[in-house]
Amino acid sequence: MLKGIPAILSPELLKVLCEMGHSDRLVISDGNFPAESMGKDAIVIRCDGHGVPEILDAILQVFPLDTYVDHPVNLMEVMPGDTVETPIWDTYKDIIKKNDSRGAAAVGNIERFAFYDEARTAYAIVATGEKALYANIMLQKGVI
Amino acid sequence: MLKGIPAILSPELLKVLCEMGHSDRLVISDGNFPAESMGKDAIVIRCDGHGVPEILDAILQVFPLDTYVDHPVNLMEVMPGDTVETPIWDTYKDIIKKNDSRGAAAVGNIERFAFYDEARTAYAIVATGEKALYANIMLQKGVI
Amino acid sequence: MLKGIPAILSPELLKVLCEMGHSDRLVISDGNFPAESMGKDAIVIRCDGHGVPEILDAILQVFPLDTYVDHPVNLMEVMPGDTVETPIWDTYKDIIKKNDSRGAAAVGNIERFAFYDEARTAYAIVATGEKALYANIMLQKGVI
Amino acid sequence: MLKGIPAILSPELLKVLCEMGHSDRLVISDGNFPAESMGKDAIVIRCDGHGVPEILDAILQVFPLDTYVDHPVNLMEVMPGDTVETPIWDTYKDIIKKNDSRGAAAVGNIERFAFYDEARTAYAIVATGEKALYANIMLQKGVI
Amino acid sequence: MLKGIPAILSPELLKVLCEMGHSDRLVISDGNFPAESMGKDAIVIRCDGHGVPEILDAILQVFPLDTYVDHPVNLMEVMPGDTVETPIWDTYKDIIKKNDSRGAAAVGNIERFAFYDEARTAYAIVATGEKALYANIMLQKGVI
Amino acid sequence: MLKGIPAILSPELLKVLCEMGHSDRLVISDGNFPAESMGKDAIVIRCDGHGVPEILDAILQVFPLDTYVDHPVNLMEVMPGDTVETPIWDTYKDIIKKNDSRGAAAVGNIERFAFYDEARTAYAIVATGEKALYANIMLQKGVI
Amino acid sequence: MLKGIPAILSPELLKVLCEMGHSDRLVISDGNFPAESMGKDAIVIRCDGHGVPEILDAILQVFPLDTYVDHPVNLMEVMPGDTVETPIWDTYKDIIKKNDSRGAAAVGNIERFAFYDEARTAYAIVATGEKALYANIMLQKGVI
Amino acid sequence: MLKGIPAILSPELLKVLCEMGHSDRLVISDGNFPAESMGKDAIVIRCDGHGVPEILDAILQVFPLDTYVDHPVNLMEVMPGDTVETPIWDTYKDIIKKNDSRGAAAVGNIERFAFYDEARTAYAIVATGEKALYANIMLQKGVI
Amino acid sequence: MLKGIPAILSPELLKVLCEMGHSDRLVISDGNFPAESMGKDAIVIRCDGHGVPEILDAILQVFPLDTYVDHPVNLMEVMPGDTVETPIWDTYKDIIKKNDSRGAAAVGNIERFAFYDEARTAYAIVATGEKALYANIMLQKGVI
Amino acid sequence: MLKGIPAILSPELLKVLCEMGHSDRLVISDGNFPAESMGKDAIVIRCDGHGVPEILDAILQVFPLDTYVDHPVNLMEVMPGDTVETPIWDTYKDIIKKNDSRGAAAVGNIERFAFYDEARTAYAIVATGEKALYANIMLQKGVI
């Protein structure tokens, strides 16, 4: 643990966030996401037992979102015909607003299988134990 | 994640708990414990951001305590002259009682530096982010 | 060994089952399956000396089958013209019924070479010593 | 699997048995033996889900016992005061008799903690899931 | 060394033969074959100083040939125009006859460059010091 | 680079500082210190081209000094008879004062060869290119 | 550190510069460049906390620029429509002039995404903490 | 060092020459050749400080040239328009003549970029410090 | 294989013989010697299926025996009371005589357990399949 | 190769010389020195085919000798009774004089077995092919 840095960020996660550069992407996945197989070419960091919101909140305290693109944050679109509710998205947007002035405007959607393709080329995947549905979220790093 | 197994137990932690045998010891350490240096000859598993109680509770659901010794659980004794309170010990004893009929009677104390020596020879150290003082706890595995 | 978890599941197998996510596939292969060459990009876990049924039964106690697809379980189709009997398939269906309400309806078939292609991209292959013919089986993980 | 070699012997176990030489020792441990910690300097081969007898029987079909010592096989002595029965020892002696003309005469006992010390310097430990008590057994390799 | 297993089979070779499955291929190469470069994606086992016949004979005592194909054994065809004699092929056929009832009928030929292509995808290459010409041989494993 | 964290801290250094616990020691060495040989059992992080002051200043922004000991900071004592001046020590004390209320009182001295012995058991050594003499400094981590 | 070699060149950077040959390319990247992901097939050397000019100046004291091409040095072109100033380019040209008689004439430009493609195939990437915009620079090694 | 083997051949180079087979290629490169990047998929052996002739002479004492091709030795063709002299080629031919009765007739030329492509698929690259121009040479191994 | 070097010497064995220096010791062990456990700190090279004489003969063609000691070759003394014959020793002496003018005078004996202690500190152990008794032999390298 | 740095220094040797610090020791050994066994805990760099003088001369151009000790250079003393001449020592002293004003006065002697003990704790050993007797030399690094 370090002064002024959220304790939920493990030493390895901190290292990975720090070594990422402009436009590198990070996936924070829910508990059922196939993080290890999607992340075969990425760095997979396990955060079992944590929800996405507390991890997202901690990461955004140190990790700048890309200001060169419209949607540095992306969610996995609900499949057509699926009537599931996604209240966790509001939580995400509140957290983003605390750390980026664009707030919800910075958040886009990616169709499910396109999301998977993007995830396969992400720099790192943070595997949480989040139980909410459609809770995966992808962040693109900005400049300092 | 698996059916019937607490989601807070990471795949690697589950593996380590499973491969331990009778009389092997496991330390669940608080956030300031020097887990990496104490655990140079052990397996260190990071659980940053979690407290000891939720980890302890999950572990004891699958991990039997040794019934061949009086104190399969040990806490780090308060240093002579130190007036600190250790309310978390009561939490630990409640959790133990749920999983082992001996309850608090199964819990012993080890003097601080002797505790360190024992920790250096433990099979594994689970490094949590627990903020309470004197919160380190050592478990000795029993038979199935 | 752990409380409440089948002892036949090795520590490493438990870890692999746990780290798999939604839609990842696992092959339980018979004793003549070329598990090491098929599994060059997968994790191969040896269970020499065991049959498929006891491994399957243990795995399904902790491993949920995918409910988003019709056939989360797949067998290798008998080659056209081959008159071999496959009584072990009934055993498999009985085991599945114990753990998944869909029972035999959850089981599909894949043509032999298509099965091989799927096996090459599976997350893991469990190599048993099963002696029955056409005894390979592929499982797709569901959500918790 | 190979012709004429028991299928329960995994490829790695076969390799280890083959590369051992005169006087090297092998432990076949029960399911609660702390095989991984005892075997830190040894090769540990997991045979989860198997009992000791079937492993012992298979090993002795290819592995010669040392004829230069009186007791190439050693069991862990029952602790003084312990009234446990050890019927599995008779099973072991029957298996040995099938493969070595000395039969039960080739079997000695080692006091529990001396057994542990010997185990720490063994060449390999085969970790079974055997549930019987006092079921650990140590074999010393002979010449071909 | 082990009882009943040819001493010329090294521990590692024994392991590799054992872990191969139905239809996996093994090349036993002569002393000038570029085993290391052909075998970049394979397991290369050195048997310097041995001829192919003694290795082949030992392997076939434990290794079943594939009975689902006509030619589980293949030799490298003599190049058109080359008048070299290949008496070692007769030796091979005699050895095969001892272990497989099909005898010479189980042996096919592959054109030289096609043989190289097959060798590149073999599971393992056993590099002998055989001095005879056109002495490379490829075996396909059968079922037990 | 990350928001609010000095850019001079490399990803790996940040990880190391974060994973250290209460009482672990860190050496920031000058450019002539034999960091690699002293640090054979430690983690050595190269910061070639930097002076100690800028590294020390950045580290102390996130790294708490131990408050349970009198001298969580130690310098290498000038050898008896050596008349060298050590103005960089004043710089160090100013930097410490900015981050720890004890200021210069937190700084002790260790005789040269005792300093070397301590360095050999440190958790990590940060190798700078500092050119000042007697510029090595050892920090002991406190609690968060 | 060594006599006559700039102290800012770490041992590993010195090794990499030395082992590069004619026409190999080296990127010195600014603090926001995604060095780790761009450099997955390259050697990435971290120089956190340093600017590009001091690294460039040190490298060019030992590293010859290619004289067989017109532009052994390349900068990342400003994106069309971007009005950013790039005063650091003048600094670069001054440094180059000190070490190569061609001076600014040796410097070319590469369109941004072409620059990224080239970076992915570079031999090494030196990741600095440079804060200036459009500060990435690519060097092609000449002959000695 | 060994009896009767040139002392300039390092243990690793000797191993590599020995494990090469018929038709494998070896590059002996000059001091400016980008051996490490060209040899990413090859074995690179450094012989810094040596010229090509002494290495070539030593290698040919133990390494047979391929007699099945016209040009088992190949040089990098001078670029059209380049008027450079290549006196070192005569030295090479004299050395070859000492060890292969074909002498200069065994030597061919490959256009520069074709030579690079061949080098990328060579089995090994020996990186010398040779200062002569157009001094790279490629050898194809023959049979013993 | 290489010109003028016995083909029985594998590439790795050749490398090891070459990298050994004055006074380093090499054990050529028989088929029952516990080479892997004795050689835990050494390099173990397997020569399964070969006898000691052919390996010894090949090694001595390139490996000089130490001329600074009386007995650069040592055999394992017959245990007191053991009436075994050791005709292979004569074979060894004949081979030595071919390569070292001292012949049998260069051969000493070491008591069995002292031999084991020496073997544990040897540079390398060559594990043959030699079936003769008391056939282990230790060589000490001389200067070139 | 790099500008102004002797080409005989390999990339790895340059790295090692650079990462050494004040008082670290380097052995340049002759061709018969058991560099690999003496250097089990050190870094061994092979310079086969080179003599000690050219390596020493190149190293001293970048490597400062320790000025805090009387004899930063040490030779292996001639054994009592040995009448060998050591003319190479004069060559060494001439080379040292070119790079260190103390010249021959900086050179001491160490008794043979004490020299071996020192060599075992050196930071690195450079293994040359030097043929002169008593040609080993040990250097202690000074400050920059």
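Annotations for the structure displayed:
As written, the chains take the letters A, B, C, D, E, F, G, H, I and J, and residue 1 is the first residue of each chain.
Just so we're on the same page, a residue touches a chain if its C-beta (ideal position, glycine included) is under 8 Å from a C-beta of that chain, and two chains touch if they have at least 3 such contacts.
Keep in mind that this is a model prediction, so the values were computed, not measured.
Taking the definition of touch as given, a chain qualifies here only if it contacts subunit D and subunit J alike; those chains are I.
Separation between the centroids of subunit A and subunit F, computed from CA atoms only, is 35 Å.
Rounded to whole angstrom units, the spacing between the C-alpha centres of subunit B and subunit F is 32.
Our note on geometry: subunit B versus subunit I, Cα centroid distance of 52 Å, whole angstroms.
For subunit F, residues touching at least two other chains, in rising order: 1, 7, 9-12, 19, 31-32, 144. Inter-chain contacts, as defined above, occur between A-B, A-C, A-F, A-G, B-C, B-D, B-F, C-D, C-E, D-E, D-I, E-H, E-I, F-G, F-J, G-H, G-J, H-I, H-J, I-J. Listed in rising order, the residues of subunit B touching subunit D in the complex are 19-24, 123, 141, 143-144.
Listing the residues of subunit C that touch subunit E in their complex gives 29, 31-38. Residues 1-5, 7, 9-12, 14-19, 61-64, 144 of subunit B touch subunit C in their complex. Residues 1, 6-13, 31-32, 46-50, 54, 58, 129, 131 of subunit J are the ones touching subunit H in the complex.
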